[in-house]
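What follows is a pair of complexes built around subunit A, which joins subunit B in one and subunit C in the other.
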Partner chain A sequence: MDDINKIVRDYIVREYLQEDDERTITDTTPLISGGIVDSFSMVSLLRFIEKKYSVHIPDKDATPEAFDTVESIVDLVRRFQNVAVVKG
Partner chain B sequence: MAFADTVRCRYQTDLDGIKSAGLFKGERYIHSPQSSEIEVEFPVGSAIRKCINVCANNYLGLSSHPDVVAAAHAGLDARGYGMSSVRFICGTQDIHRELETRLTAFLGTEDTLLFPSCMDANGGFFEACLNEQDVMIADRLVHASIVDGMRLCKAMQDTYKHSDMAHLEEKLREHQDKRSRMVITDGVFSMDGDTAKLAEIVALAEKYNAMVFVDDSHSTGFMGKTGRGTHEHCGVFGKIDVITTTLGKALGGASGGCVSGRRELVELCRQRARPYLFSNAVAPVIVAGALKVLDLIGASTDRRDKLEWNAKYWRGALKEAGFDLKEGDTPIVPVMLYDAKLSQDFARDLFNEGVYAVGFFFPVVPKGQARIRTQLSAAHDKRHLDAAIAAFKKVGKKHGILGLGRKELMARAVA
Partner chain C sequence: MSNPPSYEQLVTNFDWAIAERELGYRPGDAINIGWMCSDRQCQLGRAEKLALLWEDHLGNQKRFTYNDLRVRSNTIAHFLASLGILPGERVCLFLDRVPELYIGFLGILKMGGVAQPLFSAFGDESLCVRLKNAETTAIVTQKKHLHKVRKIREQLPNLRHCIVVDAPQSSLQQDETAFSLEQAPPVENFPIYPTKAESPSVLHYTSGTTGQPKGVQHVHYSIVSQYLTAKWVLDLRPDDIYWCNADPGWVTGTSYGIIGPWANGVTQAVFDSGFNAGKWYEFIEKYHVTVWYSAPTAIRLLMKDGAEIVRQHDLSCLRHLASVGEPLNPEAVIWSKEVFGKPFHDTFWQTETGGIVITNFPGMEIKPGSMGKPFPGITATVLDAKTYEPLNRVGVGGLIALRPGWPSQVRGYWNNPVGYAAKFKNGWYLCGDRASIDADGYFWFMGRDDDVINTGGHLVGPFEIESALLGCPAVAESAAVAKPDPVNMEVVKAYVTVKPGYQPSDDLELEIMNHIRKRLSPLAMPQEIEFVDSLPKTRSGKIVRRVLRCKEFNEPVGDLSTIMED
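So, the complex of A and B:
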């Protein structure tokens, strides 16, 4: 499952950091409260996760808090993967 | 009484939170018309003092131009004070349509619809013209009103890194399955003062079959050789599908905005855009003033030429003094400080030196990107600029930041 962390981290670096941005993204780096991802551009991250992991995250769960760190994003993915398995 | 003490207390706690976060916005009372020199009461209750204003959107210096004021007076006499109606009931005078026709010609588009503000134009456009079959792809630094407008629209939304054309191309490629794609950008970005790469955006839009939307509020009237806007500046005049812009900045600075562009899109706004449908027509006095503004800027480019000179002179002098500036070729010149508190202290010290400028910090600009945003005007004479430059140097020296580059300034901000 650690692979998910890396995939999400790599996506965030590619999608949100400018080339000359030297910040390092760890699993606990605050993304939204830290000003790296804003709520306006969060949508592409949500769509990436939904597509990559074949999950649907309802609006009520796709909150800025849930998207604030790689760790919390991965938790969210796992939660909804489980939902999909149970439903399946 | 529904506004119980507990409710009042809750709201007061919210206000206290804003204050303790250092985000509370106060107002400074101005006792004179808008111009390069204004009379300011700040803090409230203190003596009025004369300041050089370097933070107005009065790019062409027309906010208090005597010809515009006279035309507004005449309009007031001829057509009254207010319309007491939305446009489609009984709020459209012949001069509203005349102004729309004149704006269409000026912007080089097919049709124009006035809105109460450009905020409303941006708030209403997307919902009226796009739906879930479409995708909106916006630059990440677009104005807040575009963000709000996009949120009201059911089309898919996506963003690309600021002015990153490779990222935009990636997104355009990704969304080829959508019915329509619309690339959305500001013409000149209000906080950074840089210009959208419109020639490249138009080329990508043609390649990937997308429409282009530009908010030219900080450009109309002065960008480009004859001041038509960033589409003229970038050599893509006539190739932008939708331009929104304002009468509230260079074009007299009162209020009002518009959607201008493809005939069918403008007509759809007339039928569906909620801020157009549900708010009053722009007041006749403003319409009359704006018509005079178009006369003035159509007759001569002197004002936009002077503004261009002022911006170049100002940028050069601040750079030479050792300030770290955001690159650009517009009258918006951000002086980078990277430190929220310093931006507030710096603005206060400038005010004490007789210069009115404002410090911006998160969330108005990204975290760690605090700055003083300066804006030039054709109403500035060289003596205004020289006096303001002297004040900037004095305050810069006091804070020990002259000659420091981005990295050094950022390191100081962290320390």
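So, the complex of A and C:
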């Protein structure tokens, strides 16, 4: 399961930080409030997660707070993976 | 008790000379916004008064008095002049909301330069287009944004200086200059450049339907509008702590995030942080913010987080709330009354107007969802779209138009006289928006009159997005249109046809989104991409965005007689 953390973290580093950006992204680094991902860019991160983990996250759950750290994003993914399993 | 006595009284006896007198300006005198916002405040006895309370998302804090503003803006002005930058030359501020942005803005104006603030989330292509058009001489930036400048610098022969505010010279290239506001020797006295009322001051870029973004040129006399509207509409008083959410990369962030509050000698708080409801409420509570100028998108995001989180904070310090960017929906006005005990007052204006032109005044009855009434001194109406004559009919929609002549009116589009002339018809300035006027004289917003997308209060031009989409190897043709959105009012949607050999897929959608986000900006990134076999075109081959936009808004398409059948 920790793979999800690493995959999300790596994706954020690759797509949202510039090559020479020296900031380190940990599981608790503030992403939205820290200005790394803004509320508009959040949509592409949401798309990545939905595609990668075959989940659908409704708009009401895709809030800036839910996307503010790698940890909270992973929680969200797990929550909706479970929903998919229960439905399936 | 609000600053203006009553709307009716103000309109009857109004003259812009009221603001001129309060600013100590006499027609024909030198007038310099940088001086007005710092040195003059010290002369009025506010030298030790706090001008700026700054905090970032990590909790770092800085405080500046008006005397600090004066000396440090002198320091920046002196530094720029020592580099050989001349009055009238454009100096771009490409910075996050750090103190150097706010103080640098004043410094540029003090040495006679033209401040060109640009949103630091812009990608290299958006940056390049705007610097090239303005023939910008110098850019002031941070290390984190330097890679974008380096990528485009060869395309910008006029860009002689790249100034970095947070890196030692040893870490920079030969053609880059380090400048530390904290370490530079303070300059106590600087000869302020004697700009006049019509001297260029600020160059902001805004998007249109066609062509690349236009440079909206303002002058030092704009402070007359910005001072008085900040005082009367935002109801700024000497003891206020004022918070404007806008980034100075956009006009709200300069007109009402720098000029308006500091011309009034008010203490303003700046939070260099992204959106987070809890942190925002903490910020208001911590700094005892009394006047808050926000945006509908932010308010709707706060609404999503609910009332409970509001109750966890003591926000009784808030005295007046206002909003700008796109129309404020009635639900947001009602919600703010419920949770904050006071409504957000919607204000209407745009980059070209430089200041608020139609607004809900403090103390005036708010009709939730209405734009309010024209500011005194502003003659506003709605025109028939064909004759450009005032409609003068209650409740009938037309083009919002203003009689030219208010102090902060745009003076031209940079290097684009044709585009500028097109904004005027029959002696009226056309805002590009549609509205109706009710029997009480309140304006009601109806929508844009063109293909420009208003997302989160920022205008995004379809042409710029479509041009950048062509940079994606898979994209054959595209059309960027507005799509309704519950939070941002509108977001960008792109209709795309792919080149032979490419297949539409989720991967391709994500690749295109990220391409636009990095090249242009997060605002311009399509939030949805629809792959289609063909796009609607006229017989001459021009893509008709209107058809796609109407589809998104579930509106009738109208006359399709000129559109090709396929």
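Just so it is clear, the second predicted complex is superposed on the first by the 88 of 88 C-alpha atoms of A that agree within 3 Å, B and C clash if a C-alpha of one lies under 4 Å from a C-alpha of the other, contacts with A are read in each partner's own complex, and residues count from 1 in each chain.
Note that a contact is a pair of C-beta atoms (placed from the backbone, for glycine too) under 8 Å apart; a residue touches a chain by one contact, two chains touch by 3 or more.
Note that the coordinates shown come from a computational prediction; the quantities given were computed from them, not determined experimentally.
**Q** If you stack the two complexes on chain A, which partner ends up touching A:D10: first (subunit B), second (subunit C), both, or neither?
**A** After superposition on chain A, A:D10 lies in contact with neither partner.
**Q** So in the superposed three-chain picture, is A:V43 touching just subunit B, just subunit C, both, or none of them (first/second/both/neither)?
**A** In the superposition, A:V43 touches subunit B and subunit C alike.
**Q** In the superposed arrangement, does A:I32 touch subunit B (first), subunit C (second), both or neither?
**A** second
**Q** Would you check which partner chain A:Q18 touches, where first means subunit B only, second means subunit C only, and both and neither mean what they say?
**A** The answer is both, since A:Q18 touches subunit B and subunit C.
**Q** What is the contact status of A:K51 with respect to subunit B (first) and subunit C (second): first, second, both, or neither?
**A** Touch status of A:K51: second partner only.
**Q** Go through the superposed model and pick first if A:D75 touches only subunit B, second if only subunit C, both, or neither.
**A** neither
**Q** Have a look and say if subunit B or subunit C is in touch with more residues of subunit A.
**A** Residues of subunit A touched, subunit B against subunit C: more for C.
**Q** Which partner does A:P64 contact after superposing on A: first (subunit B), second (subunit C), both, neither?
**A** After superposing on A, A:P64 lies in contact with subunit C but is clear of subunit B.
**Q** Indicate the residue numbers of subunit A shared between its subunit B interface and its subunit C interface, in ascending order.
**A** The overlap between the subunit B and subunit C interfaces on subunit A comprises residues 15, 18, 34-35, 38, 40-41, 43-44, 47.
**Q** Going by the contact rule at the top, pick out the subunit B residues touching subunit A in the complex.
**A** 138, 140, 147, 150, 157-159, 161-162, 164, 362-363, 366-368
**Q** Which part of subunit C faces subunit A closely enough to touch in the complex?
**A** 57-58, 96, 121, 143-144, 146-147, 272-279, 301, 304-305, 455-456, 486-488, 491, 506-507, 509-510, 513-514, 517, 522-523, 525, 527
**Q** Write out the stretch or stretches of subunit A touching subunit B in their complex.
**A** 15-16, 18, 34-35, 38, 40-41, 43-44, 47
**Q** If we count contacts the way the header does, which residues on subunit A are in touch with subunit C in the complex?
**A** 15, 18-21, 30, 32-35, 37-41, 43-44, 47-48, 51, 59-60, 63-65, 68
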